[in-house]
Amino acid sequence: MRAIGHFLPHLRGVKQGPEHPATLLDTLLSHQSDSARLKSAHAVRDHFTTADDEGKRAFLQLLASGYNTDGKLLDAAISHYRKQRDPLSLSMLHAASEPRRQTILRRLNELPGGTASIIDMRREALRLKQDIPDFAALDHCFVHLLASWFNPGFLELRQLDFQSSADLASKLIQYEAVHAIDSWQSLRSRLEPADRRCYAFFHPRLGDEPLIFLELALTLDIPDSIEDILRSDREVIDACDATTAVFYSISNCQQGLRGIPFGGLLIKRVVDLLRAECRSLKTFVTLSPIPGLARWLGETGGGAFQPMTDGQDNALIASASRQTLLSRAAQYLAATTPDHGDPVARFHLGNGASIERLNWMADLSVQGLRQSYGLMVNYRYDLDHIDYDHRAFAEGALPRMSSEVRLLAGLSRQQSGKRQQNG
Amino acid sequence: MRAIGHFLPHLRGVKQGPEHPATLLDTLLSHQSDSARLKSAHAVRDHFTTADDEGKRAFLQLLASGYNTDGKLLDAAISHYRKQRDPLSLSMLHAASEPRRQTILRRLNELPGGTASIIDMRREALRLKQDIPDFAALDHCFVHLLASWFNPGFLELRQLDFQSSADLASKLIQYEAVHAIDSWQSLRSRLEPADRRCYAFFHPRLGDEPLIFLELALTLDIPDSIEDILRSDREVIDACDATTAVFYSISNCQQGLRGIPFGGLLIKRVVDLLRAECRSLKTFVTLSPIPGLARWLGETGGGAFQPMTDGQDNALIASASRQTLLSRAAQYLAATTPDHGDPVARFHLGNGASIERLNWMADLSVQGLRQSYGLMVNYRYDLDHIDYDHRAFAEGALPRMSSEVRLLAGLSRQQSGKRQQNG
Amino acid sequence: MRAIGHFLPHLRGVKQGPEHPATLLDTLLSHQSDSARLKSAHAVRDHFTTADDEGKRAFLQLLASGYNTDGKLLDAAISHYRKQRDPLSLSMLHAASEPRRQTILRRLNELPGGTASIIDMRREALRLKQDIPDFAALDHCFVHLLASWFNPGFLELRQLDFQSSADLASKLIQYEAVHAIDSWQSLRSRLEPADRRCYAFFHPRLGDEPLIFLELALTLDIPDSIEDILRSDREVIDACDATTAVFYSISNCQQGLRGIPFGGLLIKRVVDLLRAECRSLKTFVTLSPIPGLARWLGETGGGAFQPMTDGQDNALIASASRQTLLSRAAQYLAATTPDHGDPVARFHLGNGASIERLNWMADLSVQGLRQSYGLMVNYRYDLDHIDYDHRAFAEGALPRMSSEVRLLAGLSRQQSGKRQQNG
Amino acid sequence: MRAIGHFLPHLRGVKQGPEHPATLLDTLLSHQSDSARLKSAHAVRDHFTTADDEGKRAFLQLLASGYNTDGKLLDAAISHYRKQRDPLSLSMLHAASEPRRQTILRRLNELPGGTASIIDMRREALRLKQDIPDFAALDHCFVHLLASWFNPGFLELRQLDFQSSADLASKLIQYEAVHAIDSWQSLRSRLEPADRRCYAFFHPRLGDEPLIFLELALTLDIPDSIEDILRSDREVIDACDATTAVFYSISNCQQGLRGIPFGGLLIKRVVDLLRAECRSLKTFVTLSPIPGLARWLGETGGGAFQPMTDGQDNALIASASRQTLLSRAAQYLAATTPDHGDPVARFHLGNGASIERLNWMADLSVQGLRQSYGLMVNYRYDLDHIDYDHRAFAEGALPRMSSEVRLLAGLSRQQSGKRQQNG
């Protein structure tokens, strides 16, 4: 049993003296006027921001291990609750069990730019977590508060286009995690044509800093290579003629918000918005990488398929057994569960999407060849199935897939819907 | 001992059948995709919005008494905490003790307009609270969540002027609680001149719906009557010449946010803003009503001072013992504590202001005569004392007052700062 | 023959000395740097703005009679043109004949707020024109320049609604020339409901100052009284259900722009906009006053119809020969020509509208009774006929009218389209 | 003598038939309703836009030679004016002499995007002018109208920064005529730091299309090389500490507005704005190229100074007679007149600036070496002298220069201010 509350273990690296973080945090928690409290919060933030890594770590561990609750009050609340077991005594127990570090974070959040500071603080905590013994308790507070402040009601969906600010465009370039934007022309070709869109979530307290963005193409059929989407000499179509919306890139921008889920919601809001705008749209799919494929093949005896490097000839890929590779990839994706498997597959299947099609020679970039031998996959967002599939997948069912993919994976119709024993 | 959790007492007025609120709320709490959850939240909101008073009451009592927590899990968390007493077990106890009605409110908040719906729901709960046995436990959840969503970091300070929308102007008229705006000219005279200002707090989820607003005048000295502020034939001065900012009206707009404090923060932000803008400003005071004076005088043997009615001649007031009345008013205000006394005094003294001056024949409106025999008071926001006074008043000290007011109240210098025995 | 150019007749009321307007104007015309020219323009404007009526008149007469052109240069340009008669010599003649007062006005226009100043100057000139002998030459310059600066390309169409500024709303109240807005409720009922609209033209150099605005109602049929439009207890309909758009008020806001035509264009742009927005709209009509009717009846022997005053009983109107009055009104409107007749009729018929219906007891306001015995008229904007009718009316044809109105006016089908001899 | 009016010379390349431009233009000039006139204007614009070069040329020549005026009416106006010689007859002569092509252009301007179309039309006319015999008469109309529509009152000064749109940023890159922006980093370094600014003029009818922009640096002294301004590793200073504003790039964006002057006004508005914002700014200079220097040296016997090419060693320049080159450059600039000499010098001296300093090795780019052997010049905008110098230079005085430059140019103090005989 470890002591909590104000008893603090020896704190390696925390400075002594008037700027001791414990002093700063105690002051922040004390009863003060609004303005005095704000000054305290400034002092805490400045301390953290200017600290070196060891100072940051020490501060975070202090926050994680100290600043829990008043043990006596909590014991009393527990006793009262056990006696009463009514709504009010429960509420009082809940209040009494709130760690005081939560109040600290709330008061930091009151600062101008406070929410950004807390996101930064969590990003640093995630980076240093190996050296913060009570990281789990600390992160519990971060996640609890961030999930509340970033609840879906606060998220603002905005379209980014060529009229968006140069600053925002430069962030798009910086955060694009899937297919790099390597020129001004490349930027324009994703933002300006009538059949290309980019949407992002913003938050009122983060101003023009995007949380996550989504790039999509409006097309006449489901594309089978990323080159079809990105090349600049293609013919632009009228958005109202498009039948298919293809999500080809989705990128998180804030490391400090890791685990706060926005992606599924962003896709669904964009689907709603597009359906209201373009009546012709019937099909909503992704064109997604399979980042874990090559490694999985390596681990599961796919030795024949060495990850490709840029020096190798594309012909080599062609000469590999195309059918074998597609089949193994289908098995890999079919084995996805909420907790295991390809991360992109987990994300989309977890959102209720299905596996629509595997595409051969679809991403011939260095990274595409290395990760997945150039294979890409289309996940399909079918609005009639999405709610059911979301729940079925969460509760252990096999992912839904098209008959083509099921065939590739060697699954009979009967097997679909049931998790394989060895899945 | 009363049972909690899913055991529900007999619920008077709650409809049976597929639309039974318990069914709706259970569905809302179940594991669902984003879009299915949104549909459930819509159904709950629609149920509440369209219910009559009895339906609303029954729904709110259901929410208050049911939807607590899983008793077994909580008991396990308590045991674990008692054994471990470390940060993580405390976090888990805190999580396990969270009433499930909090999750319900969070999911309602995800709706478009969700925050406004929750504010409306609380307004109704406050209105019906006499008939909701578990109102306290319910309101605990409301206040906990609303305080988090309306924390100071989210509040947007905006100036309202004659360029603000007609819609907003009409809300100003509607919510003005202190000195009614009775004509277009009266509106213009508060919004347009260079020496009149109006500020309000807004919230990103409530759009153009103000939370609270503050009207102020920039003047050359501390005014001693509201007529000086409001008459339209006065001379407008240049804001940069003003030495004094007079807060003459502060009005809350959202009944459903009662008890979530904005007022003190609004005054302080406006003071900061004005000081940055006009270097000449040295004095920040209010010109405030004393709404509880006449009643207090009646209760404490001030029978000589019958509340005035509009039929009575002002001469009557003049003939009353002016000195006696001022003295009694000073005593009334000096006796204010954080929990007792005039509500306006409690607000300003609680913010760290002091009692500067009592003004005779300062508000000759019907309401002014009835409530306080025409008396008004200036509270002073002195930035050098505000933090200290805030804390001193909270901890039981007498309010700070000018020597003039102290004299009127019959207090010696030595007595100030100490609470009177009979206060 | 009167001398022009720099020879100035005796100028009554023009101040002598350094501030003599001639000195100011000569300086403004001299060769100067941009900044020096701006200073001169400021001086001229200040002179005019601060002058009393006699000073203004003298300034305007100076501008009207002096500041013509260099006679010698113009004579040379005339000779050159007469010899060459080619495009270039014509251009040079045109340039040489430009009065120098035009340059003066252009340079005043360069000032911040310059366009508003010139509009004000013309408003004053129109007011004082009886005392400005050369007003016609002056006004020619005003109109030439204002028509160029206010050409349709510069006009910005904006919808005014309850989100428009309080300032703009107060201007709407001030300028409304047809049916007064007498309360906050009346304002809201014209701006907020889904089936009421208000549009205005703005100009980039006049900021939020409207040039002209148009109020309209979306309805299910052609209304026969203004009360139907304005009463507040009516049922609001969905804009998408409306079949008819009724223009019930159109008001010019800038006296200094008199004669610069905006109204027809405003109606047509709004018609285009509404048709694009609401597919159900088929009928575009006005509900218009007939301001000249009573006077015309008085002049043409309609002695039986004394103009009504508010003291008189409405029963009196009913007892008048309804049929006779309607018939005479139809004759009055049918006799409208581009240059004679009812001003509202000239405006709408000149825009290509037709006379659709006369309405009995349609405007029972004091003004409505006095001007037109309570009669109102619907003009119809029929997009299939508007271009043809516009030209036909301009070239002397009878106004187009419905068979009902033609019958009332006692015209046979054959007569329509041809101007009556005695029309 | 050439015939004007409707008599048209044989028009090479103008199509016959219903789309003959003469038919289109005649229709546009005929009496029509607003909407019919708009349709005609659309037809004319479409004809021009879709025409090939020969079609465009034929259209422009038709516009230039035809569409003059009604000869009889003009002759009558001339006679009347000669008899009356009063303001009104002059006004009538001016109106009668207006070429009808001016009405055509005004009606084209009424189109959505009409002003941009006319700018495009003039750009094409300037490009093809060698083949348009009556270009001068046509351009007279263009310039007359464009100068009216682009008068200073209409110009909107806006600051461009990193919050400006990506679209605008891409235009900045496209139009930058002086020092190319070759990377995203280069763009950011001109727009984002506190001591770098970019301002542009916009026009309400051209939306976000800039007319001209100006890049400037806030510094602590007058820079002597462009590298000092543009390098990215420099230390950013606080704008409030700067003493010097350096205009280092000014670029026109619209070829079709050639000759409509904006540049001087832009500099002066920016100077006013900066002085109001930063009290510390005392010195306003340019850092300008001398694009005509190398050619002038070649023409005037500066054979020793072969234009540099990028292959050559910078050491060569250093070994050239530095003093001789600076001296010759000073002579070159000192000889500038409003009509002759270096174009950049004519622009700044014409604005009232003086020649402050010549800088050796100041622009070592390929273009800088070729044009001016790496020399650059600072022109100084001294607000106490600007108005006087503007006029003096226009009236034939020598440019004002610092004693250092005068010495380099071999001029005595007495000579300055007087134009040299051989200047």
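In this document, chain identifiers A, B, C and D correspond to the written order of the chains, with residue numbering beginning at 1 in each.
By our rule, a contact is a pair of C-beta atoms (placed from the backbone, for glycine too) under 8 Å apart; a residue touches a chain by one contact, two chains touch by 3 or more.
Everything numeric in this text was worked out from a predicted model, so none of it was measured.
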### Summary
Common contacts of chain A and chain D, by label, are none
### Mean-CA-position distance for chain D and chain B (Å)
60
### Query
When the centre of a chain is set as the mean of its C-alpha atoms, what distance in Å lies between chain C and chain D?
39
### Task
Let me have the rounded angstrom distance from the C-alpha centre of chain B over to the C-alpha centre of chain C, please.
52
### Query
By residue number and range, which residues of chain C touch two or more other chains?
none
### Query
Is the way these chains touch best called a line, a ring, a star, complete, or other?
ring
### Task
Would you tell me which residues of chain B are touching chain A in their complex?
1-4, 31-36, 64-65, 68-69, 71, 74, 78, 82-88, 90-91, 93-95, 97-99, 106, 109-112, 114-115, 134, 136-138, 140-141, 144-145, 148-149, 151-154, 204-205, 264-265, 268, 351-352, 386-387, 390-391, 394
## Note on the structure
So, in the complex, the side of chain A touching chain D is made of residues 162-170, 173, 184, 187-188, 191-192, 208
